[in-house]
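When the chains are written out, they are named A, B, C and D in that same order, and each has its own residue count from 1.
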Amino acid sequence: MTTEPVMSRDAVAAYLDEVFPQIHHGGPGPVVAAVGPMSAVLRLPYHDRHVRPGGTLSGPAMMMLADVAFYVALLVQLGPVPLAVTTSLSFNFLRKPARRDLLGEARIMKLGRRLAVGEVLIRSDGSDDLVCHATGTYAIPAPEKNAVS
Amino acid sequence: MTTEPVMSRDAVAAYLDEVFPQIHHGGPGPVVAAVGPMSAVLRLPYHDRHVRPGGTLSGPAMMMLADVAFYVALLVQLGPVPLAVTTSLSFNFLRKPARRDLLGEARIMKLGRRLAVGEVLIRSDGSDDLVCHATGTYAIPAPEKNAVS
Amino acid sequence: MTTEPVMSRDAVAAYLDEVFPQIHHGGPGPVVAAVGPMSAVLRLPYHDRHVRPGGTLSGPAMMMLADVAFYVALLVQLGPVPLAVTTSLSFNFLRKPARRDLLGEARIMKLGRRLAVGEVLIRSDGSDDLVCHATGTYAIPAPEKNAVS
Amino acid sequence: MTTEPVMSRDAVAAYLDEVFPQIHHGGPGPVVAAVGPMSAVLRLPYHDRHVRPGGTLSGPAMMMLADVAFYVALLVQLGPVPLAVTTSLSFNFLRKPARRDLLGEARIMKLGRRLAVGEVLIRSDGSDDLVCHATGTYAIPAPEKNAVS
């Protein structure tokens, strides 16, 4: 298993906008802030549609950010794999996020032939405290036939 | 612990629209289809913003549906508890959902004084197969001071 | 995908004792109580080694029961698959179990070519209340080469 | 929230052996290797009872190690809290562990008044690769009445 990235930040950002234009529906969606070996950082710009009572941001906004961040970390490592499939995601919500941008840092913990496992750490912009911790698994399509499950 | 519901379908639907108008941002959000003891069924109308490559629906759409369904099941049982907080959510994605409405059925497995645990079963409208299974935990505010964590 | 079981209770019990003699180390381990389509029920006999302060049973005893119950449900469906690998397990602990036998009921929610997903419901013998709810995923070896991940 | 530890390695090791003598039933159980602010490292000595077909170690052995490691990290931070209760544990099994000691490193990600959330990283002794990643939540008894949920 090589851990050398195969897509740059710009390449993966362009690919993401091409295949997932819907993530920007209704307001700005997550943008690729940085990529590295087995990792990616995405920023979700603050937007009113994510606000919940009490002035915090919604759980689904954090979950969407985690899902996209993990996917981008895989793209960076594997190149465009449009059929990779999220098989599980688990979230612990630790603190109420402030009304600011969210940053999601995805790290791949294992990149196997068929299965990838990673975590995503979500923080409010400007703070070191975690607001959410996620772990997830992805099924990687078999090269020969792209059949999953 | 009583398991008698305290809010009707209409009452909980009205409350949800009042406190979470954002769930309909950008297109129709989940609507309360039915409620029962320790349970609720929500319908997420099909909408283009949820579509992903391959003609399936997005993981975040299912996660948002599960989060809201679980919250509604708690409202039904506890009455309006605006400060109840999701502390964890875990998802297994089982099959790719078709391009139709999604139905999320939340069931509370334990309703303690401080913690509620439940599951949400998500299916495509018209099918018995699960597309997603979720489990979640909620912190219930202490009555005397509403302080959580 | 057929859902017809391929191993009987007696056959799977004999196989389990043959390949996993260690589950009875230090005291009686889980025994197969019943099997059905996509399901299995295992009983963990009460034993002092599982007791924890306060007179309850240990979390690891429940986790071991869930792991074995899920594996048996797969054996029942797939036949002997010695290399099937647990890829994830998630537990919510709902109530303190009494000092009695535990019953773990595993249900397969999805049986794909490469991945199985299921849940396990754990109760104290003689009670309907769940003491623990588990979900898990298993990687199923590819028939041609038995290589996982 | 202070992050200053209140129990030393020796103190927490002695307490653990006093309240959980059962963890050494049938062979050596986990021992406290090191403690630090919001963290603890436990070692599970290699023993035949943990071996599984293929020469690897059992999932339940890793799950027990994670459960104890997380509990020790809380003891270190909170002092003896015999009634703290594990409310959830989630595991991703990443690689097959070798036939050696396992090391479990627990880190508390959030220590609230009522709920603690942490992760445990499990490795084979002598290797940097993770064999298992766990996240967990603990309910912390209310000081005034020690009643949980």
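Assume contacts are C-beta pairs under 8 Å (C-beta built on N, C-alpha and C of every residue); 3 or more make two chains touch, one makes a residue touch a chain.
What you are looking at is a predicted structure, and each value in this text was computed from that prediction instead of being measured.
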Chains contacting each of subunit A and subunit B, listed by label: C, D
From subunit C, the most remote chain by mean C-alpha position: A
Distance from the mean Cα position of subunit C to that of subunit A, given in whole angstrom: 32
Interchain centroid distance [CA atoms averaged], subunit B/subunit C, Å: 29
Touching two or more other chains - residues of subunit A: 87-88, 90, 92, 110, 137, 149
For the subunit B and subunit A complex, residues of the former touching the latter: 19-20, 22, 25-27, 48-54, 58-60, 63-64, 67, 82-83, 85-93, 95-96
Residue ranges of subunit D in contact with subunit B within the complex: 87-88, 90, 110, 112-115, 137, 139, 147-149
Complex interface listing, subunit D residues touching subunit A: 90, 92, 94-95, 109-110, 117, 119, 130, 133, 135, 137
